[in-house]
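Each of the two complexes below includes subunit A, the first together with subunit B, the second together with subunit C.
Showing the complex of A and B:
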């Protein structure tokens, strides 16, 4: 890599929720323009797509050409030599679906870890709290082939200590001895819990309800991700999820996050006011599916995500298969700058997926 | 107290002789993300410190780990 990427360096160095709209459009816009040129110069397929669209270098965030996310299932897109591939990420495509293949070099992987750390510590603090992993230990046991779920859990373990698994390997039942010991040992201290949305609901919160057990972790944080698809089928709303998490386990801060393997760095965390936040080095644009024009606050459309992180593959601007709506910009009561939005679900006819779908529930 | 090389060797299950300053995270299969968390716990226990999340993300080589320990007044 020889090109200088001053704007990218600057936007990655900024604190994650500090840039206002004007500053962000200038800095992130310039970073994305640098990346567009970089990928056009280093990825022949990407250059071909741009040429076919008759596109030149963009000048603002919303002007950056976007690729449909499913292109990474169909094509091997990378902007590095094969021997510079450090890690290959694959999406959690369930049986019969083709996974995306995302190629990371060392620089991109490192920028990704730093970005995730900046966002996560902004929400839970730098001190690592006792951590309850809402999953079973087997999910990270096979070191040579982690599922998307296992990789997600390992990534989050950095932010906790005294890691304890809440579920049993055999049947995904509650590991009550482990949970009780954990609760006694860390009584009165705020803890950090992490799990995939579906697992947390089905095997933890619902199981606690069925067993009539109430845990008490005051001041604690629960972070969860992986998609709502399966919970929508059970008609569980985010509000209901949060209120059960508070009642059953005393988790008074519950943060869902939205993100996808195809765009490293795009981690949109939900604040205490229920809004998903774009960090300074990434953004969200809602587009009208009829003419692809950007939509304003309150107008429902298709979610496009941009990120300054992907150097090793042309994934800095992607059109997702999710519907969403902007809820504000630089005006969230939590004080974080940047755009906020809500995810409304998958677009019709999109391939069904979601990390937490990798564990199929047994018929009850 | 064990030496830094001993902690590395035991956590990653590698030969102490291969623990050199330039050894980098993810450069050998033994130092993967699972072993990284084992290493974190071993460092905390052995040197009686609490590493924060930024430290763990920055622990990209043996030399970096040494520099981070120095922040906690540990010469390793």
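Showing the complex of A and C:
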């Protein structure tokens, strides 16, 4: 990378939950402005998008132009030469959908893992704990193809030791011998468990309940992610999820996080007070879809996420397909600075009203 | 020949009450424009007009208006030829209701055919309302008349399409390209014919000088807005693009007065605003900007978005609910190379029929099925997608003695 990015370097170097609103707007705002110029200079499509908007250079966080995440499904967007691509991430999208393609160079991948480390250790501490991976080993076996789930697990494995997979490859059933051995070996010690929300609920917590098994990992932390959509369909609330995780496995700190493959490293972790936290190098803005103006605390809108990390592709400011609401700024009882928010679910699908289609689509 | 019981079990009868496949297959055909068939269409019209919910929907009111006896009488061919019904017509309605398929079904009733109409399995208020009205209308008619219009619902599966298609003398497929492909996999008897209404796109053309001189600009803008947004801009006939004819200065001036009026008309229409559509518009305009130099027109909000693009290569449905691309053309002939096979309706303002005829004769574009004034894009015509429906739904018996 030839350009100097002093603000980006500074905001990435700051502790993850230390910047107050004024300082963050100045520092992160400047970093995002650097990135906007960088991508405009290196990604022709991004330059075209900016030119058509005819806007002046951004000055604050909320002024940074944003791309809808779906654009990464429709276009190949990168700010690096093809031979600088270090790895390509793809979203795990529903069957039949085109996945997003996110191109990482080494610098971006490094910034991403550092950022993830800063956030994760803030929640589980610096010591590596025995780690229970609530998935099957096959999900990470093929390291050349990074599914979002596999990449997420590999990313998190760095923060644990004595990795043990809780599920069987064949049928996603509980691997009871492995779990028992793990439980005996680390009895009474706080462990770190990680998995995808739906996998944790369906194949781990529900399976433990069905089998009448109770595990005991006092002081342990469960981190999970991947979205509530499937659990909402089964009418499982976050509260219910947490209480079953405590009863069945003794996980007394359960942290859901919000993030997406299109903006690697920006992880919005839920604290013990149930709020999702924006770290210093990333932020969240809730926008009114009518005119895309930013909304205030308590007003529901569409979630935009910004991050100082993406150098290799123009993903530093993205409009998500999720609805959300800000719950506060610099005022969480947990003491972490920055904005907090809640995710309210996906933007509902549009009503089909035309002549074009479909006899076929209703089978879906 | 009848339908196998395991197929029949999967077919639900939605209207008329007490109707059955067997009764419909056995129902008598009628002479085109027979009185009892006119009575059926009139019963549908009355049911719509008697219903407050239906009366509040413009597309239902338009259907009732079309079904007036006076209007139907004009449909009867006056060429002196002897026409006969084709027999059994199988209609596949689109998955999302608009009333369009009902026009062709009712025309087929008038043609004297016996009809099976497959409606979507997708629940919607509009479909529920339509089925209720059809049931009410059919209940007022004698048994043998009401059996000529059977509304069914069944899973979109080939064996069922096969079974019904085997009985069809004519098949009418509404819906997108995928639907047409899927239903076409079911063979028809050798003598049967088929009408397909696949995916289409539509546009508008305005002559900039004519716009500047138009005495009723606000009204024309309102008609354009309604053509576009009545079905959320998802109808095949709703304009997705606007072509301005004229020199650069005139066009710029016309754009500056036209779009604010459209914006007011859309605001006045007060359609519900969907966040999903706003995101779609954002994706669409950024895709266009990523591909080439474009200009996004300033609008007050995302109910209306307009992207001006100098080289509109291919007209596709990028977004809906108030998303337009526009470009200038010097002469009408400049439009011809852009026209694709799937272009259906041109809503035209300030371009004369003679200009259009001259352009079509000189350039012979592959597409364009109809050219209508603003406000008429969604109005059903008996000639649709280039086909005279009444002709296609009957056969002519030539009597040369």
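Observations, loosely collected:
Rule of thumb we're sticking to: the second predicted complex is superposed on the first by the 348 of 364 C-alpha atoms of A that agree within 3 Å, B and C clash if a C-alpha of one lies under 4 Å from a C-alpha of the other, contacts with A are read in each partner's own complex, and residues count from 1 in each chain.
The criterion applied here is as follows: contacts are C-beta pairs under 8 Å (C-beta built on N, C-alpha and C of every residue); 3 or more make two chains touch, one makes a residue touch a chain.
Fair warning: this is a prediction, and the values are worked out from it, not measured in the lab.
For subunit A, the partner touching the most residues, choosing from subunit B and subunit C, is C. When the two complexes are overlaid on their common chain A, residue A:157 makes contact with subunit B while staying clear of subunit C.
In the superposition on chain A, contact of A:21 is made with neither subunit B nor subunit C.
Contacts of A:107 after superposition on the shared chain: neither subunit B nor subunit C is touched. Of the two partner chains, subunit C is the only one that A:323 touches; subunit B does not reach it.
Annotation: subunit A has no residue touching subunit B in one complex and subunit C in the other.
Residues 45-46, 48-49, 51-54, 67-68, 70-71, 74-75, 77, 289-292, 302, 319, 321, 323, 347-363 of subunit A are the ones that touch subunit C when the two sit in their complex.
Residue ranges on subunit A touching subunit B, taken from their complex, read 86-87, 106, 109-110, 113-114, 117, 120-121, 126-128, 140, 143, 154-155, 157-159, 161, 163. By the touch criterion given at the top, residues 92, 94-96, 98, 100, 118, 120-122, 124, 155-156, 174-176, 178-179, 182-183, 197, 199-200, 231-238, 273-280, 282-283, 285-296, 300-303, 307, 317, 320-321 of subunit C touch subunit A in their complex. Contacts from subunit B toward subunit A in the complex involve residues 26, 32-34, 37, 41, 44, 50-54, 56-57, 60.
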